[in-house]
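Multiple structures follow.
What follows is a pair of complexes built around chain A, which joins chain B in one and chain C in the other.
== the complex of A and B ==
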């Protein structure tokens, strides 16, 4: 139970922050905190993959974008012209469709957000599984380049496809009603409730990851990170564990993509860009690689500052500089500067060349 | 397809192909001496072009190019000295992230210095419309410049590695670093030199290609991933393989224009990269036995 205590602290902190913004009349901060929370879900998922399983991915923005774009496309595409087709009747029967009216009173028949979310996240998971089988056989530079390549392909496909809005992306995405009365939407009145929705998602993800890390799976992953051959020799199904972790972190990225897209009411191709993927990696690195609390806190703080426009036109440069400085001076992350020496010993032993 | 169009595609393919080959050789030079894939390789090409464009109004074109190449070489050396030289047995993951960070910093610096606009050097001879006739088709003289300069670079590099003492020292460093150190070679200096050399050839390629392909701050990433594709296709570390693979990729791309929409062009070479990585990570020309000794 001890490992869940910080979560209680987090919950108290979250309520305090919300009350503080209410009290000081700065509730607009909640918008950025909500968005940061969704990005953090991607980051802690990537942290599991990079920090614990030791596999780098420079393509996680791709999974985020697959979730966001698919969900946006399915919930905004008007299928009313097909409504008499057999497959549409079938989809309607199983409750996948929702009819609504747009701003101008025109009837829209599109996928229901729940159905769209399930399809979007499922697709991201399947793609991660298919890509993961060959990609995770690679190591080091090759793994980095292959995942980078995957990310660029996803970016290109979204940028060039008419159905995904090309350079404009998709806008006017409707809200996502999770339960009656609980809707993911960017509307002004729902700011506080959305803050709690986003952070509930983060807490759920954290509980899941903490459980995972402290289980047999987590120990297996750390063994893989330390010495893959040795892990293999002791009977750990290294390929299987790596693949499952890859798929899990991709699914988490896709879920975050779905939620953030409904929250923002749209998504654009920059969400799939290489710089986004690099940013996620940077945040995991700052947090200390194998440290989900570090990844979470750094992810929220730096994303919040970035979203508030704190870095101005040097936004990307700041993340580039962070990457270099952290990797040069504190590869164990900011929160564990004193453990650098120990880390060095451990890492140089496990590295080749 | 008419024979004229066919030849046009061939020339376009060879032009881009030889540029990819130069970028790939840049990867190889650094990989051979350090085992690092330098993710900032494409930025050297961009920097070379950009600096030459800025210097060009101040001095004659050849001098501007020479200066641009020298400045980029200094940048390459500085990168190695500041960010890499003093690291004690860094892990591969750490080096990957550091070179990615460097590439972002160079790109962002270029964005703030030169802006978002697309720039280019003037044509070395004539202008956009001048052309020479070869095999019954008309091509720009700049295409011949690109092919000529790049070919000479490849030849000079292979002579350098084979016949000069410095080149042989670098090769020794690549073959076995410890043994090279025992022979009295300063391997650290060789690593700095390899960064300078690959920055230099990248910058020169960036200058000669600038009139036809244009130069912009973000152009390095695409070139880097294609150069890496070519380096992998040719077998990492194998420069002659890189030339063959570069020309092959260039031709494939040129002919795919007639089949695939332009927007998916990049996706094609990346798809080729992924396929090669999955199926033949030792490269098209590499032997699987040698690949077995290396980790992928």
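== the complex of A and C ==
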């Protein structure tokens, strides 16, 4: 239970932050804190893959975008002209369809957000599985390049497809009602509730990942990271474990994509961009690689600053620079930084690992 | 009863025939040693048996089942554990955690069970920890449980690697130069340990350079030279074998 004390602390902090914004009349901060929360779900999932299993992915924005775009497309695409077809009747019978009216009073028949989310996340998982089998046989730079290639393909497909809105992306995505009265939406009145929805998702994801890290599987992943050949000879199905971790982290990214798209009411191609993937990797690195709390805290802080426009038009450059600086000065992450020693070492002319 | 039967094993790297038509059997509950000069193909032979290297031809039958071509983790799952000449511990993990990884084949919890941390999973985790501590105690390094494995002394690291292999409760253990880098006292210690392992009912196949150790503890010895088996006999007979003396000491002494 000891490992969950920080989570209790986080919960208290979250409530305090919300109350503080209320008292000081700065509830607009909650919007960026909500978005940061969703991004941090991607980051902690990637932390499991990179920090623990030791496998890099420069394509995680692709999985985030697959979740977001599929959910957006399925919940906005008007299928009313097909409504008499057999497959539509079937989809309606199993409760996958929802009828509503758009802003102009036009009747719209599209997928239920629940159904869309399941399909979107499931698709991301299946794609991760299919891509993962060949790609995870690669190591180091080669794995980075292959996943980068995957990210670029996803980006170009969304950018080029009419069905995904090309350069405009998809807008007017409806809210996602999780439970009666609990809806993921960006509407003004739902700011506080959505802050708590997003952070509940983060806390649930953290609990599951902390459990996993401290389990037999977590140990096996660290073993694979440290000495893959010995791990295999110890009885660990290294290929299978890497693949499952890759799929799990892709699914987490897709879930974040689904939620954030419903929260923002839309998604554009920049979410699938390579710079987003680089940003996720940079944030895991700043957090200390095999440090899930580091990944979470750095992910929230830096994404929050970025979303508040703190880095201006240098946004992507800042994350690129962060990656370089971390690799040079603090490959163990900011939280374990021993700056003075690093500087001494750097200028003493010795080589570094 | 024969627990491991190797027949007609071949492996070449480019033009080099590292293992050539090697075959022998290992009896249950015995200690068998593979000796030979540097480059004789001993470690390659181990890598072929444990599945780390794919073999060109031949068969490896372990407990009545052909295991050649299987992935190492499947072979490990069938009760064959190994150690390495240049110790391969998991860095960044404590001695205890290293041994707990060794329990992998003796436990089940997967991703879902791990994430949900169900009561059954917690119980299994507790048993893994207890058993692993027992193996550390068996090797008399229980007091090192919480120390990062990479920061231990060389001999202690070797003991952790032993404990990790034993934690799988294997039917057979492959030891690749267990005395490499150890001093005489430590080597004698390893010898006692290997006999102890055999007495636990585990069959041992070892590659070793230290002749006194091999002669002391082995029940049977196989001699390799340039990838070929040139002798297989009891230790006393191997010591008298002219061919073995020749390859170890050179022609003039024969």
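As a convention for this text, the second predicted complex is superposed on the first by the 337 of 353 C-alpha atoms of A that agree within 3 Å, B and C clash if a C-alpha of one lies under 4 Å from a C-alpha of the other, contacts with A are read in each partner's own complex, and residues count from 1 in each chain.
Keep this in mind: a contact is a pair of C-beta atoms (placed from the backbone, for glycine too) under 8 Å apart; a residue touches a chain by one contact, two chains touch by 3 or more.
Worth saying up front: this structure is predicted, and the values here are computed from it rather than measured.
In this superposed model, does chain C or chain B come into contact with more residues of chain A?
B
Can A:159 be said to touch chain B (first), chain C (second), both, or neither?
In the superposition, A:159 touches chain B alone.
For A:95, decide between first (touching chain B), second (touching chain C), both and neither.
neither
Kindly classify A:309 by the partners it touches after superposition: chain B alone (first), chain C alone (second), both, or neither?
A:309 contacts neither chain B nor chain C.
Just to be sure I read the superposition right, which of the two partners does A:209 touch: chain B = first, chain C = second, or both, or neither?
The second partner, chain C, only.
Just chain B (first), just chain C (second), both, or neither: which does A:317 touch?
first
Could you tell me if A:56 is touching chain B, chain C, both of them or neither one (first, second, both, neither)?
Touch partner of A:56: chain B, not chain C.
Could you list which residues of chain A make contact with chain B in one structure and with chain C in the other?
Dual-contact residues (chain A): none.
Quick check on the complex: what are the chain A residues that touch chain B?
By the definition above, chain A touches chain B via 54, 56, 58, 134-135, 137-142, 144-146, 148-150, 152-153, 156-157, 159-160, 274-275, 278, 281-282, 285, 313-314, 316-317, 319-324, 327-328, 331, 344, 347-348, 350-353.
Residues of chain A touching chain C in their complex?
208-209, 211-212, 215-220, 222-223, 225-227, 229-239, 244, 248, 290
Which chain B residues qualify as touching chain A in the complex?
Touch list, chain B to chain A: 35, 37, 39, 83, 87-94, 96-98, 100-105, 107-109, 112, 221, 225, 228, 232, 261, 263-264, 266-267, 270-271, 273-274, 277-278, 281, 295-296.
Quick one: which bits of chain C touch chain A in the complex? Just the residue numbers, please.
Contacts found on chain C: 50-52, 71-73, 76-77, 81-82, 84, 88-93, 97, 100-105, 107-111, 113-117, 121, 124-125, 128, 164, 168.
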